[in-house]
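You will see chain A twice below: alongside chain B first, and alongside chain C after that.
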Partner chain A sequence: MVTVSVAWAPLALLLVVAAAWWAACLDAVVSGGRWGAPAAEAARLLRQRRRTLLAADRLLWRLGGGGLLVAALLMVAVIPLGRWTLSDLGVGVVWFNAMDVLVWALVWMAGWGANSTHALVGGYRFLAQALAYELPLMFALTAPAVGAGSLRVADVIAAQHGLWFVVWMPVAFVVFCACVVAFSVQGPFAAAAAADIGGGVLAEVSGVDRLLLLAGRYALLAAGSAFAVVAFFGGGDGPWLPDWVWTLVKTFAVLSVLVLVRRRVPLLRPDRLVEVGWVLVLPLTLLQLLVVSVVVVVR
Partner chain B sequence: MGLNELLGRWAVRRAHVLVIEVPGAAGVRMAVERGLTARSWVQATSPAEADVLAVCGSAGPRMSVVIAAVWDQMPGPRTRVDVVGSAGVPAALNAAAVALLDSDAQRSDATSRLGSWTDTDDERDAGDENDDDHQRDESNGNDGNDGNDGEASHGDMDIGEDHGHMDMGEDHGDMAMDMPMPGGIGLAEGGQDRDGLEMDVLHVPLGPVLPHWPPGLVLTCTLQGDVVVQATAEIVDPVAGRGLPVTGDARRDVLVDRCDDVARLLAVAGWGSAAAQARQLRDDALDGVALPVCAAGVARLTRRVTRSRVLGWSLRGLCTATRAPGQDSSAAGSDVLAVELPDRLRGWLEEAAAAAAAPTGSLAGVGLTDVAFTDAIPPVALPQLVTGLDLAAVRLIVAGTGVVADLTASAAGARARWRRTW
Partner chain C sequence: MTGVVQTVLFWGLGAVAVAAGVVVFRTDSMARATYALAASFVAVGAQVLFLHLDYVGVIVVLMMVMEMAVMAVYMVMFMGMNPALMPMSMVHSRKTSLGVAAGAFIVLAGGALLVPWPARRGAPAVDLTVSLGQATMGSKMLVMLVVSPVLFSTIVSALVLALPRSRYDRLGDDLRRRPAEDPQPGGVGR
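Presenting the complex of A and B:
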């Protein structure tokens, strides 16, 4: 694994934005719109004025809105593109997990900062949802780390040479994908931004603030998909094509599947989600982890 | 073409429209929704999101006040269209698109708002104002150079600038005002919640402007967290009748009404694609698509909805009220039944299917209530249904209640009957 200079970070950001853009376009098309819909939406939001509210906690509000994109970029920092990586952290898997926990704070701040009831309820909802998905997500992430015997992302990829983790860790993979959708506040996990509370955390944002929030959500989905590729699909592992192409192809494929599948499921109510998350999904994930651990010990 | 104009042209391809349905204008609202779909425009969920305010029907005195407040919260560029008849929808939306691109008008609109706020702004906001003015000057200087289309004021429209302050009073008006606070907002009072813990109490009106919400309904909730501990409900500016579109065929009328109900409940349940499918069925029925084709569509939607275990899981345990079949509000001693929302949804779909399959002529034979006011639930019945539940459940229940209307003809009598029954 080659650690590249931090000067490449803009390229990483560009790739994240490109993937987010792709997800938004695909989403628009399958919803019956045109490919150009995200471009039109971006133009609209660039043209719209920003909003100021009475006694809003402006600092936290703006941080929450702009932070999602930053969190997505920080996630991507530990994900290798083929053999190049921005940061070959020894605890890369934990880093990714820490960044997704950062999303808790960001969405909450976006809801809190507006000083509006609907936005605040959106913030509450995200915390309730996060409580439901975070533990399953952590244990789903633990499975590849145990399988590789390392928290370094490069080692996780190397350990999959010959047999991708998705083959013998299917439960962890599915749970991880669901959690990616959940921390991107999308699809069935979009209760924090749902129409029934007037858009929730989105209720009071307009203009460029809204653009950042919406882009941040797609960017998180893209970053999560990229991590699914390195944790379960062998990263750049594949025939004929260069490894970096494989990483990109797989990432776009996982991202597309997530966009398509999440539309088929209605909203999951956060107040009822905790029960499912802890009583059903968490034990399943732990069982998966047990299987992985036994395999690692026996082998 | 300058950058501003280019952005504007792209932007109006996907304008977001806040649709406000005045009581008695259901048909106009449906027509506007269809107009939006045809243009690939989007229905906004909040004033902050919207570029266009579309008022369906003629607003009464109280509704007008609310609409003015909502208009004030829209960030701009913004425009308002009033649609009183379904026929005027295409023209109104065209006018909206033109108005959004009219830089001169948008600029003068923004300037006039700026003046009205600077007088009343507190110190902090006034500081921001100056800051923004500075930024705006800079951006105008840059934009002025690309005005090669000969329009003097082109490029002067301040884009993405922050001088809103449009939400004063609206969200906070109902909070306790006994303690002066920065910004003039009082602290929320405390109160014991359902677990006996001290928790802030907020008084929040839901409606009358809320997506997928019965027209004119205001549910004033006392919230602790997002749990409704107390509520009162009323209809703003009630009128007799709902103003449903008249197709000339009672079967289609029922089909349209039920599909609209289904679409609303599915939208609140957060299943956008299924809600769009239901709305498409409604529009097909309005367009005169053959009834067997509609019936097949209803069957497809029914399969999709009943197969979704997630939807059942979301709706389970939530109850709304309905009248016993065959009873109407004017009949003495009409029965009130509790219905679970999954059953309610299935019931609507069954009625839609039955209407589509019914033989020509009267619907009396298939046991359908007509789509007038007879199955309406009076607003006084709502508080009992929603107290003690969280906002998500409240929204689902209200969406599952169908028609909420002040039964103007016999309002007092109906209220008395509801009190007795409950």
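Presenting the complex of A and C:
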């Protein structure tokens, strides 16, 4: 693994934005729109004036809206593109986990800042949902780390040479993907921004703030897909093509599948989700972890 | 990173941690106070990274952001008169708190300055996180193993004592009612 200079960070940001853009375009097309719809919406939002609200907590509001994109970029910082990585952190897996926890704070702040009931309800809904998905997500992340015997992302990729983790950790993979959709506030996990509360955390944001919030959600989905590739699909592992091409191809493939599948599942209520997460999904994930641990000890 | 840059960053993060800590008491919003505290902890977590304790540093950031996100909910709910959705002061018992804070600072800072710190013998371990874990828990593993179930059962029993509803309320006098009668039905349908 080659650690590249921080000067390459803008390229990483560009790739995240490109992937987010692709996800938004794909979503627009399968919804019956045009490929250009997200670009048109972005251009419209860039020109739109910000709505001013009485007694809004602007600081927290802007931090919450703009922070999602930053969190996605910080996640990507430990994800290697082929053999190049921005940071070969020894605890990369935990780093990714810490960055997805930032989303807890950011979405709540986005809901709180507007000083609007619907937005605030959206923020609280997200925290309830986060309590449901975070522990399954942590243990789903633990499985590849135990399989590789390391928290370093490079080691997790190296340990998959020959057999990808997705083959013998299918439960952890599925749970991880669901959690990625959940921390991106998308599809069945979009209760925080649902129509029944007038858009929730999106209710009052306008102009560039809205653009950042919408783009940040897709960027998180893209960063999560990229991490699914390094944790379960062997990273840049693949024949003929260079490894960095494989990382990108796999990331876009996982991202596209997540975009398409999340549309087919109805919205899940966060209050119901907590019990599902803790009584059903968490034990399943722990069982998966047990299987992985036994395999690692026996082999 | 060169030594100078590292030193500047380390002290800069320290300044951020202290400044954010001051903001906690200067602001008039529960939400801002909570997240100022979170920012202070994040700066400390980043400082721990400089000690080459990567795992501990990242975990500090993870735990504290999560904790403060949940804490903000409780702070807004319980602190203040009409839950803390309105601006409110973050201080009370001003004189006592100032006295306690100043006393604690003098004791701790004085201790840090006056204690004869030992000079380094030997080289730092290869994996500092492992050696820190060994140093804090290695010889006390039995205590740790006993303490964690005790703590956990304390939490469970405190919850059981605090809950106004028992299993008889949920499942009926003969415990046979299915599904259970809950004010807030869960998703599994138990």
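One rule holds in what follows: the second predicted complex is superposed on the first by the 299 of 299 C-alpha atoms of A that agree within 3 Å, B and C clash if a C-alpha of one lies under 4 Å from a C-alpha of the other, contacts with A are read in each partner's own complex, and residues count from 1 in each chain.
As a convention for this text, contacts are C-beta pairs under 8 Å (C-beta built on N, C-alpha and C of every residue); 3 or more make two chains touch, one makes a residue touch a chain.
Quick caveat, the model's predicted, so the values are computed rather than measured.
Trainee: What's your read, chain B or chain C touching more residues of chain A?
Mentor: With both complexes superposed on chain A, more residues of chain A are touched by B.
Trainee: What is the contact status of A:Glu204 with respect to chain B (first) and chain C (second): first, second, both, or neither?
Mentor: The first partner, chain B, only.
Trainee: For A:Gln48, using the defined touch cut-off, is the partner it touches chain B, chain C, both, or neither? Pick first, second, both or neither.
Mentor: Once the two structures are laid over each other on A, A:Gln48 reaches chain B alone.
Trainee: Quick check for you: in the superposed arrangement, does A:Pro188 touch first (chain B), second (chain C), both or neither?
Mentor: first
Trainee: Report for A:Ser150: first if it touches chain B alone, second if chain C alone, otherwise both or neither.
Mentor: A:Ser150 sits against neither chain B nor chain C.
Trainee: Kindly classify A:Trp104 by the partners it touches after superposition: chain B alone (first), chain C alone (second), both, or neither?
Mentor: After superposition on chain A, A:Trp104 lies in contact with chain C alone.
Trainee: Contacts for A:Asp196 in the overlay, against chain B (first) and chain C (second): which applies, first, second, both or neither?
Mentor: First partner only.
Trainee: Give one of first, second, both or neither to describe whether A:Gln160 is in contact with chain B, with chain C, with both, or with none.
Mentor: A:Gln160: touches no partner chain.
Trainee: In the overlay, answer first, second, both or neither for which of chain B and chain C A:Ser225 touches.
Mentor: A:Ser225: touches no partner chain.
Trainee: Tell me the contact category for A:Gln129 with respect to chain B and chain C: first, second, both or neither.
Mentor: Neither partner.
Trainee: Shared contact residues on chain A for chain B and chain C?
Mentor: 124, 268-269, 271-272.
Trainee: So in the complex, the part of chain A that touches chain C is made up of which residues?
Mentor: Going by the criterion above, the answer is residues 57, 59-60, 89-91, 94-95, 97-98, 101-102, 104-105, 108-109, 112, 124, 127, 130-131, 134, 151, 268-269, 271-276, 279-280.
Trainee: Which stretch or stretches of chain B touch chain A in the complex?
Mentor: By the definition above, chain B touches chain A via 4, 6-8, 10-16, 40, 45-46, 48-49, 51, 75-77, 110, 125, 128, 158-169, 171-172, 181-185, 202, 204, 210-212, 223, 225-226, 266-274, 276, 308, 310-311, 313-314, 390-393, 395-396.
Trainee: In the complex of these two chains, what residues of chain C are touching chain A?
Mentor: 29, 31-32, 35, 38, 54-55, 58-59, 61-62, 65-66, 68-70, 72-73, 184-188, 190
Trainee: Going by the contact rule set out above, which residues of chain A touch chain B in the complex?
Mentor: My answer: residues 31-34, 36-37, 39-41, 43-44, 46-55, 115-118, 121, 124-125, 188, 190-191, 194-199, 202-208, 210, 263-272.
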